[in-house]
Structure formats: C-alpha cells, structure tokens
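As written, the chains take the letters A, B, C, D, E and F, and residue 1 is the first residue of each chain.
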Amino acid sequence: MLHTVNKSPFERNALDACLTRAAKGSAILLYEDAVYAATKGTNVASRVSQATQAFKVFVLGPDLRARGFDEAQVLDGITVIGYDEFVDLTVEHGTVNAWL
Amino acid sequence: MLHTVNKSPFERNALDACLTRAAKGSAILLYEDAVYAATKGTNVASRVSQATQAFKVFVLGPDLRARGFDEAQVLDGITVIGYDEFVDLTVEHGTVNAWL
Amino acid sequence: MQFGILVNEGPYNHQASDSAYQFVKAALGKGHKIFRVFFYYDGVNNANKLTEPPSDDRNITKRWSELGKAHGLDLVVCVAAALRRGIKDEVLADGFRISGLGQLIEAGVHSDRLIVFGD
Amino acid sequence: MQFGILVNEGPYNHQASDSAYQFVKAALGKGHKIFRVFFYYDGVNNANKLTEPPSDDRNITKRWSELGKAHGLDLVVCVAAALRRGIKDEVLADGFRISGLGQLIEAGVHSDRLIVFGD
Amino acid sequence: MSTDENSSGVVKKFMYVNRKAPYGTIYALEVLEMVLISAAFDQDVHLAFVDDGVYQIKKGQDTKGVEMKNFSPTYRALDGYDIEKLYVEKESLDERGIAASDLMVPVEIIDRAAMTALIDSMDVVLSG
Amino acid sequence: MSTDENSSGVVKKFMYVNRKAPYGTIYALEVLEMVLISAAFDQDVHLAFVDDGVYQIKKGQDTKGVEMKNFSPTYRALDGYDIEKLYVEKESLDERGIAASDLMVPVEIIDRAAMTALIDSMDVVLSG
C-alpha cells in the first residue's frame, strides 16, 4: 500500500495519523505542505527519521523546491522523486490511501 | 482582546497557537469544531482546564449541541453561551483575533 | 456598535458562512449595525445564485440575499478573488455586489469590530 | 495501467487540483490510461468556465479542459455536489460533464488504482 | 444508475476512512453519499472511524441551534442498505473520552493494530 | 479606490497574522493582496509570521516544477509600499530549523512573549 500525506506536520495530525496506522514496509509519499516533514532540523525530524526504518519514505521534489528547499536539506533515508516516480509508486505499491 | 478558535484540538494546531499567544486575561471563544476542546475526559482536557486559570474561556452552545454534547459534559470553568452572547463578547473585549 | 464581517470560505463545505450568518442575525437582533459583509477567498462562492441544495437543507446563498434585503446589508464580493473562482455578474445572487478589496479595509477602518469567519 | 482520479477541492484555494493535474499528465506521459477524473466536494468548482485568473497565473479550469480534449479524458462532475455549489450546465466548462456519484464508484471498481487529491 | 453498471460482477473491498468531525466541514456528510452509492453498486463496503471521525457517530446530535441539516440519522439507516461493516478505533475513542455507549450505531471497536491490518487489506480507500 | 476613502483620516493598527504555509493553500497569496491594499489606505500595517507562516518568506522558492505562480517576490516589494513592520516569531523558526539567514526579507525576529504583546496592541487583526 502507498500512503500519501499532503499536510504540514506542524499544522495538522495527518502525518501522525498515517505513521501510526500504515502497515510496516508500506511506502509513504510526502507532498504539498507535507514536504516540510522531510526537511532537516525541525522538531519532528527525529520522528520522521525513525519512520524511515519502518517505511519507504519519499518526498515530492517539485513541492519541495516550490517551498524553497532542495535535496541537500532532506533527511537521510528519504528519497526525492518527481511526478513520474509518483506515478510509478502507485503502480508498484497497490492500493493508495490518502490521509486527508 | 477576544480570541476565537474554530478547529478541533486533535486535528489542528489552532488552539495551541491561541493559548500560547493570547495575553493573560483575554477572552477565548471555542466554536465550530473547537467545541470538542471544551468537553470532559479528552486527552487535552487538563491543558484546557489550566487555560481557564489564565483566560476567560467560553464555548458556543449551538455548536456543542449540534455535535451531541450538552452543558453537563463541559469542563468546569468554561461558560456555555449562545450567538447573542458571542456578539456581546466581541463588544466587551475589543479587537477580535480569529486563529485560523 | 458597528460590525464588519469577513467570510473566508464557501458555502456548505465549511461552517464559516453559517457561523457568520448566525452572528450577523444575532447582532442585528441586538440592535447593532452591520457596516458590511465582505466575501473573500472561497467565500466569494457564497454569492453564486445557481446554488441549489437539497430541499431539506438550508439555502445559504438565498439566506444571505434575504437577510441583506431585510436589513439593507452591504454584501460585497471581492472582485479579484471572484474572477479567480468564476463568480461574475452572470451568476451573482440578488443583493450581492462585486467590488475591490479596498472595501474590506474600509470596513476594518470604519467598523468598531471586524470579525473573521474562516477555516 | 488504468487510473481513476478523485479531486476533492476547488481550484486555487487548495493545491489538490494542481497536484491531480500534474499526476494525470505524468501518468499519460508514461503511457497509462485515465479511466475517469471525478470532481467531488468543492472539487466541482474546477468546472466553472467563468474562472478568470490573473494573466500571469495558470488557468486551472482551461488546463483541465485542454488536457481532456487532447487525451479524450472523461471529466465528470458530481451532480449532487455541483447543485449544492451552483455548478450547472450554464457555467460548465468544455470537456466536463455532470453525472451521478455512481460514476466515481465505477471508477473505483474498474480502475487499477484510485488516487485521491484533497485537503 | 443503469443495471449494467451494477452488474459488472467485480466486487472490491471499498473502505471509507472517516477522520473528520461533522458540521465544521461537509466531508462527513458527503462521504455518506458515497457510501450509499457504493452499496448500490454491490461493493464490499467498509467504514472506518478514526481520529475526529469517531465524533460523526456521537449520539444526541441536535442541529436546531446552528440551522444546519442533522444528517446523523443516515448512519442508523445504513444497515437497511446492508452496510454493516463499521469499525471504530479504540484509541481514537479513548483520546476523546468517548465510550462505546455514546455511539449511535452498532460498530466493531478494534485497536490501532487491527485497524492498520484492516486498512492494509483494502482494494480501494476513499477519504474526504 | 476613491480619494475620499483613503483620506478619511482614521489610521488603525492593522495586523495580518500569517500562520499558513504557501502553495498548499492560497491564503498566503491572497493575504498579500489585502496587505497591499491596506497600505494604499494609509493604515498602520503590521505583518506577523508565526507557525507555518514563517515558511512564506523562506528564500529560494522555485515553482517551475508545480506550474504555480511564484508570488514570493511580492514580499521583497513590500517596502516599496512603505510596509516595513514585519515580525517573525523566533520559536516558530526554531521549531522548523529555519535560520534568520534563510529569510528573503528584512524582518524583526521577536520571541513569543513579545509577539503576544504586539498582537494584543492591535486594532484590527486579519488572518487567512
């Protein structure tokens, strides 16, 4: 299963909702305002880094760059992808669950 | 100043944003989905009860009842009001700050 | 006392427009004046006259029109926000008018209180 | 592979429609099929042809219409959600059609993946 | 809808994940409309109530004061459409101080681990 | 707008409280349009950036990949409209790992207690 999260971890509980209910080994894509969760130095960074042990975590590059961040500022263990790879993820991981 | 909060404390950071930045003695109105913050037995109840020491806290009765709660389920120290008293609050407390 | 009201969200999807309506009704009932109700962001969608909710639900647009007529309310839709969302004279409900964002600032300047309803 | 797409939010106010559009473009570019794009909740506002954003910004409605035409996409607006929000044939943009919610379930049944874009 | 649509023969496990409180936004109400239609399409329909979604089925909703439509009776009508797979997450109830007896419809209360497994077994997941 | 509107003589302390990230929603962009107009009305305009609002003025925004309008240059144009009272909350920056040098415009960085006092001194508070 592919889980998607599109809200800032500081504003809403969507990331938490996902991390506590995604099955181990699932893929998680952070996009739109959720890309902030993938950046270094935040007070949720350790929680997100830990999540990369249990899940395959991805972040959408175009959303990251729109918000003024680049690949170098992304936490280790998170893969930066584009829309093409977003499509590939949905193909590879079966059902998609958007944590709105 | 009157501060208004209209989002669930479980879903968003609006209540926290308000409680950490309202001046002591301010009035705070919980309405729409923020009425859940005023109910007993939740895991934010102690934080909200504490807030009643520093602020005058109100909750909108019509929103509370729409969501299946009544006055008896509201935390001590919080006053249940109607739309008329909502208007009165804005008259009495000067500038209104909606924590959207 | 004189109130300015800002409605930030569209009808039905968020409660903001409902809450604003109840507030305005209560304020009028207590003898206060409403300087202006300004619709911004998705709030401009409140002025769409094509709105046709199920018959057992409230008609938010019509309710604003009627309250406006009954009390001579100035219901103003922001032109920039409205163009972006396809609200034009063709679909503008009775009692609303389209104007500039300056009308909101004016409401902030000339009202005793500006109350914001949003998401 | 065959995709169904659900767009839950209106244009401009939320990024959902933009993200859905980029996803659909990418999927088509990779040779996948789009079974249907379904617009629900405030998403129905994407079909408002009166939309007129500033000239230096994207025109979200027009972009969907054009992508739909170029690739024969089935762009379906939920009738119940649309009536509630004042989206009717009078304002329906090219390439969109209004139909029932069953069209979404059908998309869920017949697509290999249903992808939801919302708030 | 036409009979052909309904009788395509494909039956998938649909899940509606309800995470939002009622009335503040319309999602809870319009999700219900999706739920009813998917039953008409003979799909295997599941409803999950997690986080603020558990408030949707809180007993005693009375919307007279807000002049909005009280749509909560629809939850009680679901079993008339053979929609009986309603799951509520225990942790979500506990965090909100809601007891099983506060809920207006019969549901299966499961813990977070069981909810995780249940969601993971679905074919189509919809959220509002 | 007409000259009479602008010259009513009343000057109020307006504050725009920015708490939302850019691009995910339109609030940041449309707040800026309010800000510009209020300056044209000769009001005493203040901008506060707290919580995710601090992301609005993060340097280096590049929206080519999302095909949305990059409106961040507008923040740099504000001083041309004599809008120079920009306040950023230190705690909000720290929680997000953002340094003062990451911001695209000159701002005054103040702590939460000072932000509380500043907000409390305003006549009109607007949020998006």
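Just so we're on the same page, a contact is a pair of C-beta atoms (placed from the backbone, for glycine too) under 8 Å apart; a residue touches a chain by one contact, two chains touch by 3 or more.
Note that the structure is a prediction, hence the values are computed from the model and not measured.
**Student:** Could you give the fewest steps needed to travel from subunit A to subunit C through chains in contact?
**Tutor:** Step count on the best path from subunit A to subunit C: 2.
**Student:** Give me the set of chains touching subunit D intersected with the set touching subunit E.
**Tutor:** Chains touching both subunit D and subunit E: A, C.
**Student:** Determine the shortest chain-contact distance, in steps, between subunit B and subunit F.
**Tutor:** Shortest path length, in steps: 1.
**Student:** What is the chain whose Cα centroid lies farthest from the Cα centroid of subunit A?
**Tutor:** The most remote chain is C.
**Student:** Using the touch rule from the top, work out which pair, C-E or A-E, shares more C-beta pairs.
**Tutor:** Answer by contact count: A-E.
**Student:** Quick check on subunit C against subunit D: do more than half of the interface residue numbers occur in both copies, making it same, or fewer, making it different?
**Tutor:** Same-residue interface.
**Student:** Find the chain most remote from subunit B, comparing centres computed as mean CA coordinates.
**Tutor:** Between subunit B and the rest, the longest centre separation is with D.
**Student:** Using CA atom averages as chain centres, what separation in Å is found between subunit A and subunit B?
**Tutor:** Comparing mean C-alpha positions, subunit B is 33 Å from subunit A.
**Student:** I'd like to verify one number: the distance from the centre of subunit B to the centre of subunit C, where each centre is the average of its C-alpha atoms, in whole angstrom.
**Tutor:** A distance of 24 Å separates the two centres.
**Student:** Determine the centre-to-centre distance between subunit C and subunit D, using the mean Cα coordinates as centres, and give it in whole Å.
**Tutor:** That gives a centre separation of 28 Å.
**Student:** If a residue has to touch 2 or more other chains to count, which residues of subunit A qualify?
**Tutor:** Residues 6, 10-11, 13, 32-33, 62, 82, 95-96, 98, 100.
**Student:** What positions in subunit C touch 2 or more of the other chains?
**Tutor:** Only 8, 12-13, 15, 22, 41, 54, 57, 80, 114, 116, 118-119 qualify.
**Student:** Quick check on subunit F: which residues sit in contact with 2+ other chains?
**Tutor:** 19, 23-27, 51, 66, 68, 124-125, 127-128
**Student:** Provide the full list of chain pairs in touch.
**Tutor:** All touching pairs, sorted by chain label, are A-B, A-D, A-E, A-F, B-C, B-E, B-F, C-D, C-E, C-F, D-E, D-F.
**Student:** Show which residues of subunit B lie in contact with subunit F when the two form their complex.
**Tutor:** Touching subunit F: residues 1, 13, 17, 20-23, 26, 95-100 of subunit B.
**Student:** Looking at the complex, which residues from subunit F come into contact with subunit A?
**Tutor:** Against subunit A, the touching part of subunit F is residues 19-25, 51-52, 55, 58-66, 68, 70, 72, 94-98, 102.
**Student:** Provide the residue numbers of subunit E that touch subunit D in the complex, in ascending order.
**Tutor:** So the residues of subunit E in touch with subunit D come to 1, 5, 8, 10, 12, 14, 26-27, 30, 33-34, 37-38, 40-41, 43, 124-128.
**Student:** Which residues, counting only subunit F, touch subunit D once they are in their complex?
**Tutor:** 23-26, 66-69
**Student:** Touching subunit E in the complex: which residues of subunit C?
**Tutor:** 12-15, 18, 22, 54, 56-58, 119
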